[in-house]
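In what follows, subunit A forms one complex with subunit B and a second complex with subunit C.
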Partner chain A sequence: MAIPITYNIRNLAVRKTTTVMTALGIALTVAVLLAAFSLVEGLKTAFEGSGHPLNVLVTRKGSDSELSSNFQRSVFNDMKFKQGIAKDSKGDPLASLEMVTVITLASEEFPEGTNVNVRGVTPTGIEIRDDSKIIEGRWFTPGRREVTVGSSVAKRYPAAHLGGKLKFGRGEWDVVGVFDTPQMARKSEILTDLNQAAGDFERTEVLSSALIRATDEVARQALVNDLSYDSKLNVQAKTEKEYYAMQTSSGDLVKYLGTFVAFIMAIGSCFAAMNTMYAAVARRSKEIGTLRILGFSRVAIMTSFLAESLMLATLGGILGIMLVLPLNGISTGIGSNVTFSEVAFQLRVSPEIMVRGLLFALFMGAFGGLLPAFSAARKQILVALRQI
Partner chain B sequence: MSEVVIKTRKLTKEYVRDEFHVVALRDADIEIHRGEFVALMGPSGSGKSTLLHLAAAMDRPTKGEIEVLGSKLNTLSDGDIARWRNRHVGFVFQSFNLIPVLTALENVELPLKLTHLKKAERIAHATTALKLVGLGDRLGHYPRQLSGGQEQRVAIARAIVTDPDILLCDEPTGNLDSKSASEVLSLLSTLNKEHGKTIVMVTHDPHAAHYASKVRYIDKGELLTEGTMPEDWKSMSA
Partner chain C sequence: MRYLPLIVKNCLRNRRRSLLTIASLAISLCLLGVMMALYYALFLGAPAKSQARRLVTRHKVSIVFQMPIYYRDQIRNVKGVEEVAIWQWYGGVYKDSRDQRNFFPRIGVEADKLFKVYGEYSIPEDQKKAFIQDPASCVVGKALADRFGFKVGDKILIKGDIFPFDLDLTIRGIYTSSETSDETLWFNFKYLENALRNSSRLAAGTFTMLANDPAEVPRIAREIDALFANAPTPTHTESEYAFGVSFLSFLGNIKVILMSICGAVTFTILLISANTMAMSVRERVREVGVLKTLGFQQTTILGMILGESAVIALIGGAIGLAIAELLCGVIRQGPAIVDQTKTLTLQPPVIALLLGIAMVIGMASAVVPAWNAARTNIIDALRFTD
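And now, the complex of A and B:
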């Protein structure tokens, strides 16, 4: 049987200062890693939760994003009668030709301005976005210089509040409404009339993409294949969900940077844990000798000290999680390397991330505690008893 | 004659310290029978503790044989020795060696963790042992809350809680005042006489040796013939 766990817990409690300092070191390392993970997780939630399961986004072949896609109006006219496209109440296909561009808006955080997506859509485009609901004002009127902004845009940019005026294209645009949607990525967009925007940006024939609604899941996949392999159209089709999921890569740099910094810090934390545990082994040398004489094996001694190191790390891990928990739900924005515009999202400290943080802390504890535990187990009884 | 529990033949222990060759124990032959209370006496560095450590399998001999309770200790593995020690040997140290973060009861319960006893049984056994040494009212006390004499009595309770065959005591009164020392020695004597424990006690205190039923002297690593003592000790014991 093992040495009682109370022995380790009380020893950690006896040397409070060392325990707290070491645990704090581990906590900060865990916090850095989790902060990076919470950003990526938030981004993932924002993008992976975006897109209707039956929607298909069509861009020009070779384009990674709508922004870099030059999509001909004539191509849209050729494809909108494909089989498998759902119809509206009037029997017209639910297919929306769209134009995406970016404008610069100043926020309190970035007064010099950040990129925001402006999307020109037809009334069908609004119909396809059936989960977008007006929360203030109204939808823009086609043919007028009006915009309706996503709730994240209204929140982050003072000029985009209801009643405000935005300056882009050939002049000013009135903000006549704010819409909300459960889909995070869409909240960061400004919607306006396609033809009005296309005229302002002199892109009446060359637009960006088409959003189409399939009748069902089977038809959606068939539609994706049909459009992608139609050499005459020269387009590529993806489900809208796939398109947004792809944009999660925007957080990769932060993720790698955070992981790298956490890794460097983890080396330091491992040494701190190792130092603490070596000191514990040295201070309790006589106890180790006594435990051996009482009949506890070398393995039991090693397990006990390793368990103590893991307890220390668990404490650090929990502290680290507590440090990072206030970040949960904080709204922020990140520039997408796909759309070249800012996407607002919320940092997310999910239970999965917390488990990962705890495992990371345990790894540090195990790595830092292994050698001291091994040295404790290797001590000769008489040598251990003679050490003070 | 009762059963021989400790038997050594030509037992030798040598050390190399800073390139010096030290013979701590040379060709020691001894037989200790069940129920004996043997005091091993000798000046500091004479080799008496070495003999005790070899009997407890805390160290391995350089030469010779040692057989304790029928087990040839040189042939046992580390793991076997740990189990054997837990089952058959109780050890009492000069400086008590209690675990400071555990209470008296938890300290005494510790060796029982290696047995198959359930928690309630372990607590009952440990409580009984502490009552036997007169500390039934100190179960929840930590070592720092006890006097030296009480600490040593907790250590004795810990040594006897597994009901070992042999009790090995290394200068058990060395850190105690005379009153506490007498209490501890009386306790050891009681354990020997009333509970039949075989006790081997290392001491250089002639007063402590009076409690033993047999005294053996060691001088410069040599175990003297039974009944003899070094010349310079004769005046001390007189």
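And now, the complex of A and C:
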């Protein structure tokens, strides 16, 4: 027969200082792990939610990032009449030739400045980004030194507010508008006129990439293959979704650091939990003896103490989750390993990682509680009863 | 001090608990130690001796933009600059870029200047000569050579991505570096000169300067930037140390991450220690009653309990420090994310701070239970059953 669980609950409640302190220790360990996870989760959400399913990104063969890609204008002209490319409102191919570069802007988090993507596009480039909507001001006018910035850019970098001026290329550029899009990664870009920017950087013939819209899923796959294996073009194509998914690994270092720290802290927390449980066993020696006389088996005693440890850990796990919940939605930035520029995203505490945190806590409880529970079960009845 | 034996005895009365507490404190403190060593190395420490004299100049707008080659000669004339070397980041793809292991920096550098500017590099004299003479040659770091099994005389092909040509290089030497990363492939800048002859793309990515005195570095940086302030290509010059740290922001807000980990760990230590002391004092209330009957002062009892906690915390701290130093050793051997991790060690201020934290936390965590115990009157204490 098992010992009722209320016995454990009452015990935890009686020693509330110790219970709370041990649980808090477990909670902090869980919190460290979950904080790292929430960052990676946020990054994943940001990148996986970016990219249009029918878009194909074309770069020079061998270049995995737009920044290192040298894409000839002539190549673009050769490829834009391939089959399977959707048409824009005027009946032209929905294919956008783009130039990507990086400038340094200071943010509050990094006053020395971080890299921000600047992308030169033609009007087609704006049309293909059909989910980007102006929320303040207007789009840049082709032929003028104007830029329109993504909403994350406007928020993160003081210099890039509406009406501000950015200095790059051969002079100053006016910030004339702010756009927003559900695609997190694109919010961190500055858009400007392709020809104006290419002229400034002396890259009128050598640009970065092309973004093309396929008519449907089958055509998209055909386009990817068609472009990648066309030896005359010497380009590589991948879906825009793939391109962004690749960047999720940017958070790897934080993930490894967080996991490493949480693991070491977990060992410490296990010892602390063990301590608490040993104390509980020692103090309740008489009770254990009594329980045994009443007919509870050794297994029942052991299960009961283990259950108590697990309950303690669960409490810690829940506290830990509560500690990281305020992180949910906090904006931060991380350098993308592909675009060499900062992407703003929000930390995300998803139900899935909460479950992982709870499991982690339970592991600590199990490891910490096992030995004390074992020692409780092994006690001789008479010796146990005689202890003060 | 008279009571030290008693304090030690008290520590030993419940050995398992003391051991568990010490183990758990040691682990938390070793973590704190490594994090603080990292923080210190990255944001507070002085650069390694060889690095302290180096500066880096880049394009003011962003590192991806190039600077004209002739800047080198103007920089050379700034007072205090001993040597200037052009750097060009080649990028490129080795074997297959999808495997992250195949990534390592490939940088074009003026061969004759590399070993002057990087005084900490050591390489056999004949290999150095061969590297300088052969325009299609490179030298690789020891760690890099070990990773791929490179030997002197091997051919290596890097496909171009930023540049419209491939690098076909012969490895002429393998260098070792005691203080900075040795995972870079340096190739002869003449390769770029030959491949890009008469092209506007023949330019400098960055310049690396060697100053005659570490103290002159800030002034030299200001003077170089002033030279080009009104040119179409303005520059930004900083110490090589700061230049390296600026890449850290790329990995996320490391400062905040390290700080919050330190905070969480410190608080955990406090909890562990407080918990133990609370348990240990509660067991002993009756004993305190006896001590009082024997005529021990309240303050003595208070001091003894605080002392016990401090002893346990200090032992935990010392063990933690030793483990932390071991872990730093592991990090030193590992791949260098930044140069600073190559020389990572527990600096004296960090050690002092850690032991201080251990001691303060140990005492602070015992204050409440010790105070309560010392305050109880004799009758209640003697009557106390747990």
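List of remarks:
Assume the second predicted complex is superposed on the first by the 387 of 388 C-alpha atoms of A that agree within 3 Å, B and C clash if a C-alpha of one lies under 4 Å from a C-alpha of the other, contacts with A are read in each partner's own complex, and residues count from 1 in each chain.
We take it that a residue touches a chain if its C-beta (ideal position, glycine included) is under 8 Å from a C-beta of that chain, and two chains touch if they have at least 3 such contacts.
Remember, it's a predicted structure, so these values are computed and weren't measured experimentally.
The superposed arrangement places subunit B and subunit C next to each other on subunit A without a clash. After overlaying the two complexes on the shared chain, residue contacts for A:6 are found with subunit B alone; subunit C is out of touch. In the superposed pair of complexes, A:381 makes contact with subunit B only, with no contact to subunit C. The larger set of touched subunit A residues comes from C, when the choice is between subunit B and subunit C. Our angle of interest has its tip at the CA centre of subunit A and reaches the CA centres of subunit B and subunit C; in the overlay it is 90°, to the nearest 10.
Legend: residue contacts after superposition of the two complexes on their common chain; A:24 is shown touching subunit C, with no touch to subunit B. Of the two partner chains placed by superposition, A:363 touches none, neither subunit B nor subunit C. Looking at the shared chain after the overlay, A:290 reaches subunit B, while subunit C stays out of its contact range.
Of the two partner chains placed around the shared chain by superposition, subunit C is the only one that A:70 touches, whereas subunit B remains out of contact. Of the two partner chains, subunit B is the only one touched by A:298; subunit C is not.
Put simply, the nearest alpha carbons of subunit B and subunit C end up 11 Å apart when the two models share chain A.
Looking at the complex, you find that subunit A touches subunit B at residues 1-4, 6-7, 10-11, 13-14, 286-287, 289-298, 381-382, 385. By the touch criterion stated above, subunit C contacts subunit A in their complex at residues 16-17, 20-21, 23-25, 27-28, 30-31, 35, 60-65, 91, 93, 97-98, 100, 159-162, 164, 200, 232, 242, 246, 249-253, 256-257, 260-261, 264-265, 267-268, 271-272, 274-276, 278-279, 337, 385-386.
The touching residues of subunit A, when paired with subunit C in their complex, are 17-18, 21-22, 24-25, 28-29, 31-32, 35, 39, 60, 62-64, 67-70, 101-104, 109-110, 112-115, 167-170, 201-202, 249, 251, 253-254, 257, 261, 264-265, 267-272, 274-276, 278-279, 283, 332-335, 340, 342, 388.
Those residues of subunit B lying in contact with subunit A across their complex are 53, 56, 58-59, 78-79, 82-83, 85-87, 91, 93, 95, 97, 99-102, 106, 110-111, 113-114, 158.
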